[in-house]
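The structures come next, written out as structure tokens.
Next come two complexes built around chain A: one with chain B, the other with chain C.
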Partner chain A sequence: MDKKSYTPYMFIAPHLILFIIFFGIPAVFGIVISFTKWNILGTPEWVGLKNYAEILSDSSSTFYTQFHIGIKNTLLFTLFSVPFCIIVPLLLACALNTKTKGQKIFQSIFYLPTLFSISSVILAWGFLFNKNFGPINRMLGNSINWGGIQPYTWIAIVIITVWWYIGGNMVIYQAALAGVPIDMYEAASLDGAGAITKFFKITLPSIKNQIAYTLVITTIAQLNIYGQPLMFSKGGPANSTSVLLMYIKQTAFGSGESIAGIASAMAVMLGLCIIFVASLQFYFLREKA
Partner chain B sequence: MNKKLKSIVCVAVTAISLVAMVGCGSKSSSETAATSAKSSDNEIVLWTPLAGPDGDTMTAMIDDYNKTNPKYKVKHVPIQENDLYSKLPSVVSSGKEVPDLTIVHAERIPLFVKNDMLVPYDDAIAKDGNNIKEENYLKEGWRVGQVNDKRYGIPLDVHTYITYYNPDLLAKYGPHVLDDNVITMDEVKEVGEAAKKDGIAAIGVDWMRVMTLAWIGQLGGDITSDGTKPTVDTPQAEKALKTMKDFVDQKIATQDGDDPQQLFKTNKLVFWPEGIWMRNGFKDSDVNWKMTNFITFDKSKLLNWSSSHNFVMFKNPARDEAKQQGVIDFLKWMGNNSIKWATEAGQNPASMAVQNSPEFAKEPQAFLAKNPDALHVFNYQYYGYVAEALDKIVLDTVFGKMEIKDGLTQAQKEVEDRIANGK
Partner chain C sequence: MIKIKKNGSKITAFIFLFVMALFWILPVLYTVFSSFKTTTEINISGYKLLPTQWVVSNYINVLTNFNNAPIIRWFLNSLLISTVQTILVIIISSSAAYAYSRLKFKGRDFVFWILMSTMMFPSVVNLIPLYKILSILNWIDTPLAVIVPGAVGVFNIFLIKQFMASIPMEFDESARIDGANNFQIYVKIILPLIRPVLTIVALFTFTGSWNDFLWPSIVFNNIESLPLTPALQLFQGMYLVDYGRLTTSAVIAIIPTLVLYLFTQKYFLEGLNLSSGVKG
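== the complex of A and B ==
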């Protein structure tokens, strides 16, 4: 092998090795397990497509019900949260881009929640949303049961998620906005364009690639929702916030014996769902571009 | 950049990355050394699910033991409960870095035995001269460590879900309730009717899973008919949930979204069902509190839901007979010296030496010693499935978001399906 042929591989080697160890092997292992009956301890027993048949077509099975409730709630949450996870950071980035006084401080404040663990985020928001003693109910002058009645539970979970998620997307938009030439705005001003026109005609088209990228990664991230409903509403009320990862985790690593085959089949279906949604987004965004 | 330089840079970047990865790997191993079960020749590694303040108390007790210069010193490795139970199957099946000794919740022992993960103590106890024996421990703690006539667990405690009450509020709304030292459901109703006029609830809807289980037991029910078949959907379960739902509807119990702990701490709740281990939460509170047995349907039948921390030995090829004797020595010491577990962690040690000591008699949870038969651990091999199935329905049924019968049918079906699909 001459130098030319192996040089590119050496450049991609670090990432490739990490990818294979931490994603490739576990993913293949998970797919194989989904065709077995296994409790993690003994030897897996090959059952073919039985696990998939159970979760996809056996409507009398608990796992069928849980899979369908889980996937429905996961998709609902994604639908509710993604628009806000894009729009709110974008507006904040635009506001910070005006270079107002204290911009760096606000940037740090907005970015800070991203650094917190989900446990501390829920602990803080759980207090804020507390029915009896929470400041939010005090301000609103009522006693809403945020964790136990819909649509308040979804509203609270989306607010928590957006607050937690602002930082990551905001810095991407800030970097993108910094690259938009200032003379375009000046020219538009001379032509009599207002702030809203400039936003839709200059800002958005200029950073459309970054918006497309954040849309895809945010959707993937939200489809993996787990900690917020688990800790804030415990999947309730009446299973309305029980998301698929909660069922997968409990089936594979719950208090009882592991049912790893069915949990893996559910996880594979979630993976396929994520791939499908992400591909769809890529397709439409590429068409527009 | 010329070709030679490009190649050098390329090789250097890859090499640095690999070194960094290996470095990360080594760092990670050393970081996890805290959780590693690799023990030296004269050390017993003890894994426990005591990752909170209880873990600090356990570490302090183990420090006391190590000061006695035992042949095998004990190294305490507290691990967050979920992580511990997720980790155990993989380490035991690999046979590598298995802890020498582990504290587990007793209701998990039957499943560990079914999966052939544990080593019985019988031979080691016999070799030591049968110094570890039934009469040295609380009956319920000892019972749950035995499966199929073999002893797999030695109890540290029997920790129980009881009733905290506010004596000031009780004096106002139900002064005669504790004349017989028992709180019945009828008395809760009576107190609730009197207290609700002042916006005060009688009973907190707290950890409904264990509250329901305790009431099922009091009403003569169980979660299994024969040790294998689950019985979740029973008339007893229905009655327990219906009674609590009626309390909620009549505003005798706390309402959906209420925080019973905060209400109790602010003198707005008379009876707060909780675990004995929660008493340390009152350290910074001004509320006047006492504790007694869990609320009962029938005053002649007390039953307090309990669990028990048990010391077990998972199969470990590296643990030889000498180290096993070291484990026995440690357990004997713990049996006689676990008073801190009561005074500092607020727990109910299983050791009769502690139960009978004057120091323990001063503790608020010492009332449990008067009714040891009321302590009940549901050590059904599929307890985990039952617990998770109940968790999904108990609050929703009590707060009227799901019909009680539908909820119990769902829970029964879930447990049956999970058993059928388990291996």
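== the complex of A and C ==
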């Protein structure tokens, strides 16, 4: 074999080898393990669909309860937060697109929180929302227990999430809006179209690909919710913000013996939700073509 | 008539943006200023933004707690992890992208297609087997446990490959005629030309690594080895409602990514558009 024919493989090998070991193999085994009884240490024992049967329909099992609470809260949170994570940045991007004064500064301010880790975000907002010492309650002149009473806990978590997340979506919409020709708006104005008509008839259709894209990545990001309820409300009050990733982590890596098979089955179920959302993108894109 | 209307909508837009910007910036400012307040002031007074008396005692207390919350150590752990991971990503992603985009070899398009199709795969499924692999390698509680698994993403390769497509193949061909081999072409011609996209990949890798929360909290049991982001969780249990110290630790944790952003803002914004453009 001459030198030329194998050098290309040397360029891809470092990534490909690491990718197979640290992504490929775990991905395959993550599914396989969900069909086994395993404590991470010993040899996995094949149990077929038993783990799935247990979390999906054995109401006497704690894992059934945990899975149902976890998936319900995860989906609820996604449902609450995704619309705001799309609409708020879209409005901001439209306002920025008027080329008003201070555009650059505004953009930086809205993008800023996306640079922070969820743990520092929660340390800050945990203070702001604190019942006794937080400025929010002091400003409102009441003593709402944001971290401990519903619906306030969900409201607080959604506010924090929207504040933290929207910067990226906003920048994407800004770039998309900048590409919409101005004469389309001017022609519509001459025809007597108002701002709202223009928004729905011109703006939205022109950036619908970017909306589809952000809708998919945002939904996937929110299905992976973990840090906010863990640190802000500890999953409470009364497990009302205990999300599936918390139970997956606890079941697999908690203080007791690992129940990796069950945790894997939970992870696969969450993964199926994510794949379902991701595949919607292909549907949107085909629609366009 | 149109002009007046236009100015009117500009003013409405400005007012809307101004009010929203207050909502976005006040939490940051309030947190930063509170870290300079005395505990008494935080606990008793109303909601004044600026400290009546500026103190650095919170910073001294947080930074010198070497016993149960070695924040300087955590900070350095994070710095090491994020830096090494960024370098690793740049090397393996750019060399792979070079081969997938500019070299011809058997199975190239097939391998690349397989890699791309795994982007949809939900990584939550990988957590448990990945932990097992790392424990077989004896990497648990070491920086490698977060550096290496976090570096294998395929999206970076995709971005770099897209960028390389704009470089004419004539560059490679004329260098080859001059006797350069693939490695020399990659280092001397391609790498300098793809610096903008490498900067973008580096920035997003560094901030992503710095802010990573779930995975490091799984693979580190030893408090000393923790990176800062998951370690902040421990402060909650330690400082309870001592919000002077809690806000201080939050401020310390956001400094690196904030500084990075201030100097390289343009690349962050370009990077977002690049990724949405190719995917959306």
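Assume the second predicted complex is superposed on the first by the 252 of 289 C-alpha atoms of A that agree within 3 Å, B and C clash if a C-alpha of one lies under 4 Å from a C-alpha of the other, contacts with A are read in each partner's own complex, and residues count from 1 in each chain.
Here is the rule we use: a contact is a pair of C-beta atoms (placed from the backbone, for glycine too) under 8 Å apart; a residue touches a chain by one contact, two chains touch by 3 or more.
Model, not experiment: these values are computed from the prediction.
J.: Will chain C clash with chain B on chain A after the two structures are superposed, or do they fit?
T.: clash
J.: Is A:40 contacted by the first partner chain B, the second partner chain C, both or neither?
T.: In the superposed model, A:40 contacts both chain B and chain C.
J.: On chain A, which partner touches more residues: chain B or chain C?
T.: C
J.: Would you check which partner chain A:146 touches, where first means chain B only, second means chain C only, and both and neither mean what they say?
T.: first
J.: Output check: A:254 vs chain B and chain C. Expected answer is one of first, second, both, neither. What do you get?
T.: first
J.: For A:63, select first, second, both or neither according to whether it touches chain B, chain C, the two together, or no partner.
T.: first
J.: On the A-aligned overlay, A:7 touches which partner chain: chain B = first, chain C = second, or both, or neither?
T.: Both: A:7 reaches chain B and chain C.
J.: Taking the superposition as given, does A:133 touch the first partner, chain B, the second, chain C, both, or neither?
T.: both
J.: Counting only touches as set out at the top, which of chain B and chain C does A:19 meet: first, second, both, neither?
T.: The answer is second: A:19 touches chain C but not chain B.
J.: Please indicate which partner A:262 is in contact with in the superposed arrangement: first for chain B, second for chain C, both, or neither.
T.: Once the two structures are laid over each other on A, A:262 reaches chain B alone.
J.: Among 9-17, 63-71, 207-215 or 261-269, indicate the stretch of chain C whose C-alpha atoms run into chain B.
T.: Residues of chain C that clash with chain B lie in 63-71.
J.: With the touch criterion stated at the top, can you tell me which chain A residues are shared between the chain B interface and the chain C interface?
T.: 3, 7, 11, 14, 18, 40, 130, 132-133, 253.
J.: Residues of chain C touching chain A in their complex?
T.: The contact residues of chain C facing chain A are 2, 5, 9-11, 13-14, 16-18, 20-21, 23-25, 27-28, 30-31, 34, 42-43, 46-47, 91-93, 95-96, 98-100, 103-105, 108, 111, 115, 118, 120-122, 124-133, 135, 148-149, 151-152, 154, 157, 181-183, 186, 207, 210-214, 218, 228-230, 232-233, 235-236, 241, 243, 246-247, 249-251, 253-254, 257-258, 260-261, 265, 268-269, 272-273, 276-277, 279-280.
J.: Can you list the chain A residues touching chain C in their complex?
T.: The contact residues of chain A facing chain C are 3, 5, 7-9, 11-12, 14-16, 18-19, 21-27, 29-31, 33, 40, 91-92, 94-96, 98-102, 105-113, 115-121, 123-128, 130, 132-133, 135, 138-139, 163, 168, 171-172, 175, 186, 189, 195, 209-210, 212-214, 220, 224, 226-227, 230-231, 245, 248-249, 252-253, 260, 263-264, 267-268, 270-271, 274-275, 278-279.
J.: So in the complex, which bits of chain B are touching chain A?
T.: The contact residues of chain B facing chain A are 3, 6-7, 10-11, 13-14, 17-18, 21, 82, 85-86, 89-90, 92-93, 108, 111, 115, 117, 255-259, 262-263, 382-385, 387-388, 391-392, 395-396, 399, 401-402, 410, 413-414, 417-418, 421-423.
J.: Report the residues of chain A in contact with chain B in the complex, numbered from low to high.
T.: Spelled out, the residues of chain A in touch with chain B are 3, 7, 10-11, 13-14, 17-18, 37-42, 45, 54, 61-63, 130-133, 143, 145-149, 234-239, 242, 250-251, 253-259, 261-262.
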